[in-house]
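Some notes on the structure that comes next.
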Amino acid sequence: MRGLPANFLLGAVLVSVVVGIAALSLIWTPHDPQTMSISTKFAPPSMEHWLGTDQLGRDVVAQLMAAARNSMTVALVAVLLGGSIGVALGLLASALGGWVEDGVMRLADLGFAFPALLFAIMLAAVFGPSLTNAVMAISFINIPIFARVTRASANQIWTRDYVAAARAAGRGRFAISRDHILPNIAAAIIVQATIEFAVAILAEAALSYLGLGAQPPASSWGRMLSEAQTLMYFAPQLAIYPGLCIVTAVLGFGLLGDGLRDITDPRLVRAR
Amino acid sequence: MTDVPLLEVRNLTRRYKLPRQSLLRRAPVLTALEGAAFSLRAGETLGVVGESGSGKSTLARLIMAFEAPDAGEVLFQGRDLHGLTTEELRKLRRGFQMVFQDPFGSLNPRRRIGWSIAEPLRANGETENITHRVAEALAQVGLHPADAGKYPHEFSGGQRQRIAIARAIITRPALLVADEAVSALDVSVQAQILNLLMDLQDDLGLGMVFISHDLAVVGSICDRVLVLQHGKTLESGAAVDVLRAPKHPYTKTLLKAAGVRP
Amino acid sequence: MIELTNLSAHFGEAAALRDANLVIERGDRLGIVGESGSGKTLLALCLMGMAPDSARLTGRLSIDGQDMASATERDWQRLRSRRVAMVFQEPMAALNPLRRVGDTVMEPMLLHDGLTRRAARARALSLFEEVGIPDPDQRLRQFPHEMSGGQRQRVLIALALACNPMLLIADEPTTALDANVALRITDLLQRLAQEREMALIFISHDLAAVARATQDIVVMYAGDMVERGPTAEVLSAPVHPYTKGLLGARPDAAVAGRDANGKRRRLPTIPGSVPPLHGLPEGCRFAGRCPVELPQCATQRPVFTQTDVGRGAACHLLTEAHHD
């Protein structure tokens, strides 16, 4: 524990809290997040409702927990999906080189140029707004990011002597990518994935805020923010709570990714 | 006994296009190697001496068929390596292997050394008896068969070079290319590895191309020497002759730098 | 000038440097040779006050009579560059790629000596000339990547000389360079030491370079100074078994070729390898690899025996001879 950098430890703590709460919400919440009770709307914090209730009498804590679960799920699926495709493309580009590499990188450039929000709006316009479409949109923006990181890291490994030795042994590019390249770039990809997790959480919140993500009655921090907007003057806490959750989650994953990078950076490792 | 040489290199030339300096002029071309030629028989050792930019690494890559030449041929056991199909080349590769300079970079850090040593066998589909053959190779290079389960970082530089050599000989190749194989090692370790290479050569009847910037090292184990500078062959001949009576002033400088009194 | 008395450096229990003794005067040209783990680089860092924080130093180091045991980082900063300067191995890594080389060389002058920019530039220019950089005026404005390896090494030497140090330590200055460039750099260092009456410590595993540049030599093994003396003498008539082994293991191009049976001569080697720091033997650290095995080698650490003025080795063979 002592040798680990502070950002890693802090990130790990925050992430554990958020993920823990999200996981907990699968089996237990203080109340059903969707049960409305107009008579008890805008209730202040109490033993019954730890953070009070919102404008429809729904328990705030339960909503935050359910929203955490949705947020984590979206981020996980989006990063895994976009990441897998991106890594595969990056490995392909690096292994084949030439016009394949150029082509993949130009496609990645196109992907970068396309704003995720616009893509989500397009999907929503065609298929209707939904959580699935939000996942699709966020996956899409992850593909070029992972493709680029993978390709850059993989290119470095291709120049290593042990890869040349594998070529001399007669191994093909696919086998080399699987057995030599991938294990040695895993650290860089994991770091990137952790950071992208943070980005995905933020992206999901933004999309939900615009009404393009989780649809009611499903809970989402973004939507809670949007609903709280009109109530800013007499119930500002309804905006603060989800806002804090977003900050904690994004900060946690960001710090974790940063810390992981510090731990796995070969230059820093040597200095220690 | 065939009279086809083990390795024959004819008029080998390789050029690289450099990035453009200006939009209007053509991209400059670097001639990394020009007109290299030699032939090698089984059991012989050819030294290739040169410094950075001499073309010796390019020569190594062309012999190993990692790149194709712009002119000239590389004939291994009479067959032109660059005229083969991918599959034919892959099958032929078990006959020629390479030992690299950096003992720290030539082994995959995430794999046990037994796995790395056996890689040429797996690539050829020779999967029976792998453990036994790895143990045999380790013993041949002076390491313990039990070391197969360890990771590269658990070994010293000299030991890693031994592991790299074990990997290179496991398919019982006919030709070994050693690219600055001892340059990164301490003097006393260097001597051990050179002795090992000579022993293996005698035991296995290997032909060897030994690339180095150090004429003293080359002189101690090579039969013939090729001196390269800026891609061109300045001098070639029997090691004894080149070292005792160098013709080219560059060769003389190399000798002086190696501390050899000509 | 500079005096080391029984300087040792410990990492935890293990001694990476043991009882180093050295006296360095102006104009001395000393070579320190050894292989990996010999402690030669650590010794150089100690002389600059740059030993790693985790190293525990004992013994005495005095520079110009000042005992450096209680020296603070600020004390060392005053000495670095002005009294003791170092040239490192990798020329590219030691120069800031984003600064012009002239600015890099002028920095210590502006900082330590308080020169004006104009005066610093003039001195930098003369330094570039002194170290043999052609077109010095132009070169001052260049960036490191625009220069060749040899020129960058010359810049580093100029940087080291910027404040006229009395000792220049060159750590493997020729390893990353081509042969003829290495020769010229070696000759340059020797010439500079002579012309400036500066002390030079030349650390290298390249025995040929050390032979050219130095008058005296110290051979190190596993943290111990095992032999010392005039360079020519030690290299031609070594006394310590390790020195003999090291010199014998050098590839000898003079015996190229095969014998009557078609066999090539095998190089004499030192069996085994340098043990890791925590696995060093009790007694003499070379025991177990040494062709000589006296009973006391395994248990007793040999004392450094002087055979002549400035000549001697740490070996039980010598102590035995002295007793006879």
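So that you can tell them apart, the chains are marked A, B and C in the order they are listed, and the count of residues begins at 1 in each.
The rule we apply is simple: contacts are C-beta pairs under 8 Å (C-beta built on N, C-alpha and C of every residue); 3 or more make two chains touch, one makes a residue touch a chain.
What you are looking at is a predicted structure, and each value in this text was computed from that prediction instead of being measured.
Chain-to-chain contact here is organised linearly: an open path runs through the chains from one end to the other.
If you tally contacting C-beta pairs for each pair of chains, B-C comes out on top.
Between chain A and chain C the centroid-to-centroid distance comes to 53 Å (mean Cα coordinates, whole Å).
Distance between chain centres (mean CA atoms), chain B to chain C: 32 Å.
Chain A and chain B have Cα centroids lying 48 Å from one another.
Residues of chain C touching chain B in their complex: 35-36, 178-180, 182-183, 205, 207-208, 211, 245-246, 249-258, 263-270, 273-274.
Residue ranges of chain A in contact with chain B, taken from their complex: 160-162, 164-172, 175, 179-180, 183-184. Chain contact summary for the complex, chain B toward chain C: residues 51-52, 156-159, 186-192, 194-195, 198-199, 202, 213-223, 238-240, 243, 250, 253-261.
Taken together, the chain B residues at the contact with chain A in this complex read 64, 66, 90-91, 93-94, 96-98, 100-102, 105-111, 116, 119-120, 122-124, 164, 167-168, 171.
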